[in-house]
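The structure appears below as structure tokens.
Think of it as A, B and C in the order they're written, each chain with its own count starting at 1.
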Amino acid sequence: MKDTENQETIQKEESMVLQKSMIADHFDDLSEVKNSGKKVVYTFVPGNLNELIWSFDMLPVHPEINALQSGMRKKSGDYVLEAEKYGHSEDVCTYVKCDIGMLKKGNIGPTGKPIPPPDLLLLSYTGCFTFMKWFELLKLEYDCPVVMLHIPYQADGKITDPMVEYSVRQLREEVIPAMEKVSGKKYDEEKLKKFLASSSRAEANLVKVWNSAKNRPSPIDAYFGGVYYVGPIFTAFRGLEQCERYYEKLSEEVAQRISIGEGPTTPDGVMKEERYRLVVEGPPNWTSFREFWKMFYDEGAVVVSSSYSKVGGLYDQGFRHDPNRPLESLSEYCLGCYTNLNLPSRIDYLEQSMNNFNADGFLINSIKSCNSFSAGQLPILRELEKRTGKPGGFIESDLVDPRYFSPSNIKNRLESYFQMIEARK
Amino acid sequence: MKCYVGIDLGSTTTKAVYMDEDEMILGRGITNSRSNYELACEIASEEAAINSRFQYLENSLRVDLNDSDEVNHLIDWFWCKFKLAQHLEQVKMLEQVCARSMDEWAHEISKATYHSALEVLFERMRDQAEGLFIPGEKAKSDFFRDIASSQYMEHAEFLSEDENISFEKLTSIYDKAILRVEAVNFSSHYKAYLHFASAEIGKLQQFQPFTEIISKTTQKAVDLEFEVLSTIGTGYGRQTLPFSKDQIRSEILCHGLGAHFMFPETSTVLDIGGQDTKAIQVDPAGIVTNFQMNDRCAAGCGRYLGYIADEMNMGVHELGPMAMQAHKTVKINSTCTVFAGAELRERLALGERREDILSGLHRAIILRAMSLLARSGGVSDEFTFTGGVAKNEAAVQALHKLIEENYGKIRINISPDSIYTGAIGAALFAHRGLNVEFDLKRQRGKRK
Amino acid sequence: MAETIEEMDLDQLLSFTETLYEDLNLSYVKEWKEKTGAQAIGYLPVYVPREIIHAAGMLPVGIMGGGDNLEIIRGDAFYQSYICHIPRSTIELGLSGRLDVLDGMLFPAICDVIRNLSGIWKILFEDRYVKYMDFPQNFKSEIGGKFYMYELMDLKAGLESLGGKEITAHCLRDSIRLYNQNREAVEVLYRLRSDSPHLVSSFELYLLMRAGNILEVSEHTRLLDRYMDLVIEEDRPKRDYIRVLITGVFCEQPPASLIRALEQSGCYIVDDDWMLGARYLLKNVSTSEDPFKALTLSYLYDGIPNASRYIDQEEKGAYLLDRVQKLKADGVIFAAPSFCDPALLEQPMLQAALDKVEVPHTAFKYSENTGQFQVIKEQTGTFADSIKLWGDQ
């Protein structure tokens, strides 16, 4: 998930090297499927079942990641326009449009090679309605099997037994049989358990990394830096040995930075002076990611906690994948993804984050095309201000449609917000 | 005289405010923003300096003439003659540029014809000039461009009734020339203008007894030197100003502080500008505690009224007065500018009166502002309304109604100087310098 | 209302439905509550099993936004401009006290906006009953069916604890019978319209269906029967209109006057998906087995294909095509509220299905408070004309 063109300017830490090679290897594997015969499963980041997919020796692909990669590589604008030419509305999710557009133009992935078509569409319906439409659209394009995994919504702010039972039964009676059929292999629970155990260890280290932001200065940026940190665990690599190693390394590097009191690494250099500590809600903008990050960097603003970095799973409240309860913990993992939490729980979570990480304020980046995150962010803003007494900022942009990122508007609002925090300190 | 300067670079106008060490406003200046931000900023600043001189002049005259009734009259005339001088100089340059252009492309045959046409044209403009700058004359605009354009076009139309003269040729020359004129900073000629004004006034019978005092005070005003200790820039175009980062402040903060300066009990500020709308909450020290902006969507900004004015073939300044003639308020559902035109046409087709529809449209703008205010934390006493739209009586009326309906009896402040709010705030920041936090914390402590 | 339904003439009946449609203060619900002493439960689009609410002795009240007569003052502070209109007006209705007469609110799973609104509702109205109905997207009886049963039991418990009478199997069966009758009446009305569209105007049908959101179910059935008795006696001229289906209007509603405008532009609407909740079950619910089980099986097997329901076995658009053919429609109008994910994301897939068999279609966006019908009328009028002129080629 990295902007590979600018590696020279970033201090190469070992974890970054590890991450880069993981991604490169994965795309190599994907480009070789014709020869290797490996099966390809398309699925979503929230509610992804990596361990299960790997246990069938299949390769996962995440169209959301493809879309954000296209965004960072400035290709998404064209893709979105292409999809709109095919009749898609300006009002809908730009990840979907980017994916459709990319498909129409040859499905060329970030390494320049075409991404192989899916052998299975794993419709993990977790935290987002649009996912359902997305894979219905892809089904028409690919004509391959689709399996629906409906993860119920935590409407009352808790996970109930019937929710887990429903999810587990779907795994056992729908998802696993579909995977067996496509892969030609039998479900191997022991193999799955091994992957789950590895995930659990990686998760423990990730939580250490998140918690490091409690330090002053924070050694990490939990939003801009955070999206790199969650790469391996939210995408194709959770459960694998390389992923475990990555988080070990990362955790060490972060501990090292704490010991010398160093701030987070950014593409523009190490953050020298931490002036503002923020909690951020909402996805980042991908098409102007670096420019956006720089606006924070220039002001000495560090994000100490973000909700977006929990979109693929919440681990900081104790959840770990559990090899002793494989299908149950996979279900609980899916049920616990940030966008599957009800609004009151999201507010509680953000409030806790502000307290735990001693934030000076919180900021909402409202994404035009994402209803799951955005519908309700205004009352979240007001509620948090009421509860914490800290200033809230509000900016608007989009995921991958460059037409909706206006640097001057955003800079203007951010500057005003930072000056406001400064004046109220 | 030591002073601090605040500059607000807006999208339509650029404002500057000069402030002394006691935080008293010395003068204000405004000019229309143009593509060269630096120049706009320079001009606005010098206009403010001139205004400061005039204030100084006025104050001195009041003292010297024992604050008699004539002083107001005198000041009015002074200012008019000053502006006349500036206007005449600009007309002169305009003429020169037009003539040179004409030389460059006109065929030998028609050159003579066009040259005499231009001579006549500018003669007429000069004749009209004096009449424009008389006390009591309601100026159609403060900017040379607007006055010159309408006069030039008027005369050009008349002259082009002669078949040898093309209206298009005359106007195309003007279009290029006016840009050249605008690119020049005339405010630096203030000394000459002040002397001109002083002399012209001396010719008027009513001021004969005072000529000596006038001329002495004029000289003092001319000689007055301003020592600018610090400048702060804000507004839309501030990034392009040749200021260092710590000389720039967010327009939100400047606006909040400026509103607080004008109305110290202000708690909520609403600014509806041409391009964006801001809802700001300030604490008793004028520090912003919350804000929301509408800078992407045109609905609820001055632009919205601009589109409506275009649709109805009217001037923006005519919308308010017409809306005040409404018998009822037609409900306008779409606050989106894209649909505003269509909805307007539909209502007209259904037989609704223009006045009533306009009343509905004004209410629609204010409704959008109400949402923004609610998002920023609501409306608390006192409420200050600023921005171009605050001059629109229909908008103000709609605002009063909606505020009362939703928040009860709140004191609403509107100042004719509200366009300078941002610049005033910037000037205050300039004064408080790097001791912003210290000073303001002290202020806050005091007010509690 | 002075006359009983059976005494009304057509004008009185239509005026009655129009009054109900325009009354955002829900006076009918207030009066009903005073008369019966029981509670009322609101529900948002699309579908909820109203039979259960009815069996608890309560009145189900469909809340479909504020329409084009409600000025939004507070609701806009809750939503950015790029989110549809219905949640704003629903919040406006709530915060202005108009929904105080409701003792609870149900939020069916149709999209993320309504989903999140259920959370906002919990925060704004802490003391009221709020339930999100998480309709399963798995349609196997042992999996999705089991989960759905749990949801129904949860709803049952919630309503009972609110003060509703115990929902016994017996009561529920009775309620199911009444709702089956209503379903049948709706079916007959719709068939009457598609057979004789000149008699049943869609504008009138729309008001009648909206009335079904608020009237007690048997009263509504009587209303429909009465309307049909009256309207077949009317001498309404046949017009040279095209026959169309309209789809996409299942949640945020178009203003009723827009529907009239569509008709006036030259279209007989022979099928639609407004008030989809009332027609969600394509067959009657069985009364010969455990009623909770019956409702579950009906949901699983007889649910109408729509944008918020995962279609596993069938081809996307098969149902729509089937309706087009059965009702001999000339074309399809895709109407979608601005920013509506379900309707807008569904559209290209349905359009593709229509394109395969060359069924003409046109599309426009609206919002519940759209004021400009001219543009839409222009579009649908042109659509109608083009079908008439070139339809047979």
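Following the convention adopted for this analysis, a contact is a pair of C-beta atoms (placed from the backbone, for glycine too) under 8 Å apart; a residue touches a chain by one contact, two chains touch by 3 or more.
Model, not experiment: these values are computed from the prediction.
Asks: Which chain is most remote from subunit C in terms of Cα centres?
Replies: If we average the C-alpha coordinates per chain, B ends up farthest from subunit C.
Asks: Count the touching C-beta pairs: is A-B or A-C ahead?
Replies: A-C
Asks: Quick check for you: compute each chain's CA centroid and the global CA centroid, then name the chain with the smallest gap between them.
Replies: Chain A is the most central one.
Asks: Please report how many Å separate the Cα centroid of subunit B from that of subunit C, as a whole number.
Replies: Their C-alpha centroids are separated by 54 Å.
Asks: I'd like the Å distance between the centres of subunit A and subunit B, where a centre is the mean of that chain's Cα atoms.
Replies: Centre-to-centre distance between subunit A and subunit B: 49 Å.
Asks: Need the CA-centroid distance for the pair subunit A / subunit C, whole Å please.
Replies: Between these chains, centre-to-centre, one finds 36 Å.
Asks: Could you list the positions in subunit A whose residues touch two or more of the other chains?
Replies: 378, 396
Asks: Could you say which residues in subunit B touch two or more other chains, in rising order?
Replies: Residues 375 of subunit B each touch two or more of the other chains.
Asks: Enumerate the residues of subunit C that touch no fewer than two other chains.
Replies: If we look for residues of subunit C contacting two or more partner chains, we find 77.
Asks: Enumerate the contact residues on subunit B facing subunit C in the complex.
Replies: Subunit B reaches subunit C through residues 297, 299, 331-334, 339, 342-343, 345-347, 349, 367-368, 370-371, 374-375, 402, 405-406.
Asks: With touch defined as at the start, can you tell me which subunit C residues reach subunit A in the complex?
Replies: So the residues of subunit C in touch with subunit A come to 77-80, 82-83, 87, 109-113, 115-120, 122-123, 131-132, 134, 136-138, 140, 142-144, 146-147, 150, 307-308, 310-312, 316, 336, 338-342, 344-349, 351-352, 365.
Asks: State the interface residues of subunit B toward subunit A in the complex, per the touch definition above.
Replies: For subunit B paired with subunit A, touching residues are 239, 249-253, 287-293, 295-296, 375, 377, 436-437, 440.
Asks: Taking the touch rule as given, give the residues of subunit C at its contact with subunit B in the complex, in rising order.
Replies: For this pair, the touching residues of subunit C are 68-69, 71-74, 76-77, 81, 367, 369-375.
Asks: Under the definition above, what is the set of subunit A residues touching subunit C in their complex?
Replies: 86-89, 91-93, 96, 123, 125, 128-130, 132-134, 136-137, 139-140, 146, 148, 150, 152-153, 155-156, 162-163, 165-166, 169-170, 173-174, 342-344, 346-347, 366, 368-369, 371-372, 374-379, 383, 396
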